[in-house]
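The two complexes that follow have subunit A in common; it is paired with subunit B in the first and with subunit C in the second.
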Partner chain A sequence: MSGPHDLGGSSGGPIDRSGHEVEDWERLADAINSALGSKGLQTTDQHRRAIESLPDYLELGYYERWAAATEKLLVEKGILSQAEIDEKAGEIERRWGGS
Partner chain B sequence: MSDDNTHSHPHKEVQHERSPYASHVRAMEALLVEKGVLTEPEIQDRIAYMESRSPANGAMLVARAWTDPKFKQRLLSDAKSAARELGLDPTHEAELIVVENTPEVHNLIVCTLCSCYPRAVLGRPPDWYKSFEYRSRAVREPRAVMREFGFEPPEGVEVAVYDSTADVRYMVLPMRPPGTEGMDEEDLAALVTRDALIGVSVPRPTAPAS
Partner chain C sequence: MTEFAPGDRVRVRPAGKPGHVRTPGYLKGHSGWIEGVIGHFPSPEDLAYGLSGQPKRPLYRVGFRQADLWEDYAGATDDHLYADVYEHWLEPGGKE
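Coming up: the complex of A and B.
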């Protein structure tokens, strides 16, 4: 069975070689992931499984997939609840002056 | 089919103005610290660790291998301990294998499934390495991919593509270019680019004049 991540050998267009500056939230997503790993709260394989089962895998940016997968695992493991993450994220959005 | 030289970009990963995930990541950070699952210094340590990795580390390993045949043997047989010899700390790396370019074989690294890369040595992979296009095409038409980077191994040279996994990551040991006999390690290291460590390019004989 192959999922959306199983891209090897498919055809594709030209490679976009431009890079983007890593944003702070992306560094943070990376760091949280890595720190959870060091604490034995998450493994690379669990994280990959969570990434590969994202329904919107092909629409999300790279660190968006990472963040969505970490969130999913934290909720699955009962470390955080979806409700409290959503509530806190909403507070932060309001503080940032977002809609 | 192999040479699609149109300049259209049919599919790009979505980049939002501000990703909706930015607030979710901040929320996870706040909650994890609040609940004592992680501490802020632990998180900052991980950020600092990743920021301290760069392709210059790989270039240093290559330059030493070019000038010290015994070190080269150690690098090829046990890359992590060779890295430690030069003061690098690859502790957080999965298995690391260095593959040597020769006049017969040119090596290219990809991770078709995601983005596995020797991050503990080289830092974060470039965006293109994680792109759907590179991941899908590197194993299917590696020469066409390398041509897009302005490089192609001579005809008759075999191209070996290594597909990285969560457990094994690869780095290329390029060939020392001709005309560099008198150069010291530091100058040699300056010739070794990130792209050469992935295999989409090779070190050029001399650094471009500024």
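Coming up: the complex of A and C.
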């Protein structure tokens, strides 16, 4: 079964070569990924599989995929529950949200 | 301990396999040759699910003619593409 990532050889239209500044949350997503890896809680192979199986893969940006896949793996492994993640995300949103 | 040796003609298995795969779709069903044996590694397709990936699988460097992969390939006839393919994705044969 080919996932949405398996695009080699298909025509994808023009490539956006404009620069992109790495945002703080993206650095954080990267750091969390490294930390989980060094603690043996997640491997690159598992993360890759989780990324490729995201239902909204094509709509997400690079680190959005990373974060969504990490969340999926942590729930799958029973390390965090979806409710715990949603609660914490809601708390952070209230603290840092625009309003 | 490998099924194939450098120079052997091989075909990438055309059928899909459920789950996480490490062989790109554009190679499936296409024939090439064994360029070299890279080594034996735990299967990343199993590691992806938290399994052991054992027994280790031979990983080959497989050569393809670009013109065999792309219908409208306009480059030189001896342009090649090399891909790393695990043994369980390969079967013997395929025309020259």
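To be clear about the criterion, the second predicted complex is superposed on the first by the 97 of 99 C-alpha atoms of A that agree within 3 Å, B and C clash if a C-alpha of one lies under 4 Å from a C-alpha of the other, contacts with A are read in each partner's own complex, and residues count from 1 in each chain.
To be clear about the criterion, a contact is a pair of C-beta atoms (placed from the backbone, for glycine too) under 8 Å apart; a residue touches a chain by one contact, two chains touch by 3 or more.
Keep in mind that what you see is a predicted model, and the values were worked out from it rather than measured.
Trainee: Could you tell me whether subunit B and subunit C fit or clash when both sit on subunit A in the superposition?
Mentor: Overlaying the two complexes on subunit A (C-alpha atoms) leaves subunit C and subunit B fitting together cleanly.
Trainee: With both complexes overlaid on chain A, does A:Gln46 touch subunit B (first), subunit C (second), both or neither?
Mentor: In the superposed model, A:Gln46 contacts subunit C only, not subunit B.
Trainee: As a test of reading the superposition: which chain, subunit B or subunit C, is in touch with more residues of subunit A?
Mentor: B
Trainee: Looking at A:Gly8, would you say it contacts subunit B, subunit C, both, or neither? Reply first, second, both or neither.
Mentor: both
Trainee: Tell me which partner A:Leu74 touches in the superposition: subunit B (first), subunit C (second), both or neither.
Mentor: After superposition on chain A, A:Leu74 lies in contact with subunit B alone.
Trainee: Does the superposition put A:Tyr57 against subunit B (first), subunit C (second), both, or neither?
Mentor: In the superposed model, A:Tyr57 contacts neither subunit B nor subunit C.
Trainee: Subunit B and subunit C, closest CA-CA distance after overlay, in Å?
Mentor: Subunit B and subunit C, overlaid via chain A, are at closest 6 Å apart by C-alpha.
Trainee: Once the two structures are fitted together, what part of subunit A is touched by subunit B and by subunit C alike?
Mentor: 6, 8-10, 45, 48, 52.
Trainee: So in the complex, which bits of subunit B are touching subunit A?
Mentor: 1, 4-16, 18-19, 21-32, 35, 37-38, 42-47, 49-51, 92, 94, 110, 112-115, 124, 126-128, 130-137, 139-140, 145, 148-149, 163, 166
Trainee: In the complex, go through subunit A and note every residue touching subunit B.
Mentor: 5-20, 22-23, 25, 27-32, 34-36, 38-39, 41, 44-45, 48, 51-52, 58-64, 67-68, 70-71, 74, 79-80, 84-86, 88-93, 96, 98
Trainee: Show which residues of subunit A lie in contact with subunit C when the two form their complex.
Mentor: Against subunit C, subunit A makes touches at 1-3, 6, 8-10, 43, 45-46, 48-49, 52-53, 77.
Trainee: Within their complex, state which residues of subunit C touch subunit A.
Mentor: 16-21, 24-26, 44, 47-50, 69-70
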